[in-house]
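Both complexes shown next keep chain A, but they swap its partner, so chain B is in the first and chain C is in the second.
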Partner chain A sequence: MADRRGEPLDVRIDSPAREGLTGTTPASVYRPYEDAEQVTIAPDWRPAESQPAWRNDFPIDWPQDHYVERRDFMKFMVLTSLAFTVGQFWIVLQNWLRRRRGRPELMRLSSLDQLPVGSTHVFAYPSQHDPCILIRSDERRFVAYSQKCTHLSCAVVPQLDAGVIRCPCHEGFFDLASGRPISGPPRRPLSLVHLEIRGDDIFATGIEERTL
Partner chain B sequence: MSVNRPFTRAQRATIVNGMLAFVLILVVLQLWLLTATMNAYLGGDASIIWPAAGASVACLALNAGLLRYLYRIEHTRQ
Partner chain C sequence: MPKPEYLHFFIDPNRCIGCQACVQACTECDTHRGESMIHLEFIDRAHSVQTVPVVCMHCEQPTCAEVCPADAIKRSGDGVVQSARKPRCIACGNCVIACPFGVPEVYEDRQIMMKCDMCYDRTSVGKKPMCATVCPSQALFFGTREQIDQLRPMSRPVNRFQFGRQTISTRVFMMMPAEPLTTQPYLDVTSAMSEHPRQRSIALTVVSDPFAEVEL
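Entry: the complex of A and B
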């Protein structure tokens, strides 16, 4: 059995030529079944006959290719997600180590006589790898900050006449009196070194990291 | 969720696109969490470190669950 033009029938049950047929129709009257899952569609959506020869010689199952590339990208994103989680726990570990170190010890920095008004003194506190700077801005006013810029850890330089601390790497500026960022890339204030004057000596008693 | 009946190729393409969009949103959220936590840690604020780590683990679990579901769909198909 075939349609009016003598061509094999479409196997789909809703095709017009199949109206009235029963389940007893022999299979030979139907066209060979094409699995819709296996049909290769070119990226320009044109039929296979319209494609250039090279595409017919090297056919690629584009829908499957798109599916696989999205699946692999998703796998890569899940690995990225794992990396971010590892990063979070690295911060947890660093915080635990910081708490374990406890409060830094008292350290003598200088005597009042050795630090005239308008001068600075560079020291390392609390460890040898933490450069800090002590500034005497007037007779009774002392401030000390970490010398590491909060942007990318360049060494900052105080400019007492302008009342600022400058980072020469990326032109970041901090307020001399408070250590807070004024302009440039830094967003966090410089770490503040707590000072104590005992007799004629200046001591560092602790360091405070700040977000605002 | 039952996956007894295999999804068609078009359905699987839609599913993977949807999952990918969800995963991307979660990864961007994790990136924001990491930068915010690092900023807080460097600023001496330790109060958000553990909650942020927990949220990041939850995002990872969701992402891994979605990927596992995708492979399960493929396995059912085969």
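Entry: the complex of A and C
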């Protein structure tokens, strides 16, 4: 195709520059747009280097908005993996601190005759901000769990007739006997409160945070 | 697929006859079904029947996008300023106030700003926008620079506008009389607002085939 730029264009359909399909004109006959590469022109007409940094961070144009620099990508990767690594050390530190605190104090929860079969008792253990529930499912069986659902810490409600503990927020269900999740969003079992019966009284002797 | 860079939009308000065909055709466009994005404005309705079609000028420095607090107005790489992105637009109306050409509109019922996007579904495949296909006087013309140079020898396309201290260049061209442009290659809108038409004789060259460019 001969370069016809600058020559007057014959706009008739059957003109020599319009070979091919009817209504098509080869793109080579047209003047190219002057600044095809440079899409963004700032309102003050100054070059991109002298613009404030936010203009690069929030570009108006899609090509610039979608463009990710190699350096930015590497920065993201390094910082993200650093955050994961620090997170692992954080978990180790938390475990160490928990072990260092030792077992929480013994606490009297209730006496046996105050807790008839099929009833529940709400208490806070080991601290004031850890609500727990004690359930007497039959004459000889007592279970106690943390009342915080392991999904999003809603207060769980025991349903003795169904043998489950239900979380009303997102319909999570735990097994009453073991505290393990049965259905719904929670994946971890409820924290187990160790119990001890001394004489006529029930004592909480420790709390176990379980992952499986 | 981008708009071919050799195709441009030209507005020639002199040729507008106020027939509303563009307004009706605009509602048929698939990118904003049922809503007309074109404004057909009367310039001085008490004294003149002159109308002017207002489509988005697709500024190279889009003021609407500059003022958008939600970063919702984006321009595609071919220079077409798109309607507000639906997940981002908060319908604050900043763009409506800011646009020097008065193009964007906020639809309160659906909480979105919509504006002329040069019929992006059509122009991106090389077709004309809806308004340019129907305009009987070709006041709205979509084609190449070469075509407009041949068809309108008395006019020159201008894409620089002065609004007070703000200079804007646009991807849509406005046709201006060729003669005063030798001294002034831009249109000073704010000073032109107080200008009144002069008495003058007009000689029009009759174009034999106004639709010759339609075949492109």
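Just so we're on the same page, the second predicted complex is superposed on the first by the 144 of 212 C-alpha atoms of A that agree within 3 Å, B and C clash if a C-alpha of one lies under 4 Å from a C-alpha of the other, contacts with A are read in each partner's own complex, and residues count from 1 in each chain.
One rule holds in what follows: contacts are C-beta pairs under 8 Å (C-beta built on N, C-alpha and C of every residue); 3 or more make two chains touch, one makes a residue touch a chain.
In this text, all values refer to a predicted model and were calculated from it rather than measured experimentally.
Could you say whether A:S50 touches chain B, chain C, both of them, or neither, answering first, second, both or neither?
Neither partner.
Going by the contact rule set out at the top, does A:S111 touch chain B (first), chain C (second), both, or neither?
So A:S111 meets neither chain B nor chain C here.
Using the touch definition from the top, say if A:S183 reaches chain B (first), chain C (second), both or neither.
Touch partners of A:S183: none, neither chain B nor chain C.
First (chain B), second (chain C), both or neither: which does A:Q159 touch?
After superposing on A, A:Q159 lies clear of both chain B and chain C.
Looking at A:D65, would you say it contacts chain B, chain C, both, or neither? Reply first, second, both or neither.
A:D65: touches chain C, not chain B.
Spot which of chain B and chain C makes contact with more residues of chain A, would you?
B
Can you list the residues of chain A that meet both chain B and chain C?
Of chain A, residues 36, 63 contact chain B in one complex and chain C in the other.
Using the touch definition up top, name the residues of chain B that touch chain A in the complex.
Touch list, chain B to chain A: 8-10, 12-13, 16-17, 19-20, 23-24, 26-27, 30-31, 33-34, 37-46, 49-50, 52-53, 56-57, 59-60, 63-64, 66-67, 70.
Enumerate the contact residues on chain A facing chain C in the complex.
8-9, 11-13, 22-23, 25, 27, 29-33, 36, 39, 41-43, 45, 58, 60-63, 65
Of all residues in chain C, which touch chain A in the complex?
Going through chain C, the ones touching chain A are 4-6, 60-63, 65-66, 71, 73-77, 79, 144-147, 150-151, 166-167, 169, 212-213, 215-216.
Where on chain A does chain B make contact in their complex?
That would be residues 36-37, 63-64, 66-67, 70-71, 73-75, 77-78, 80-82, 84-85, 87-89, 91-92, 94-95, 99, 150, 187-188, 191, 208-212 of chain A.
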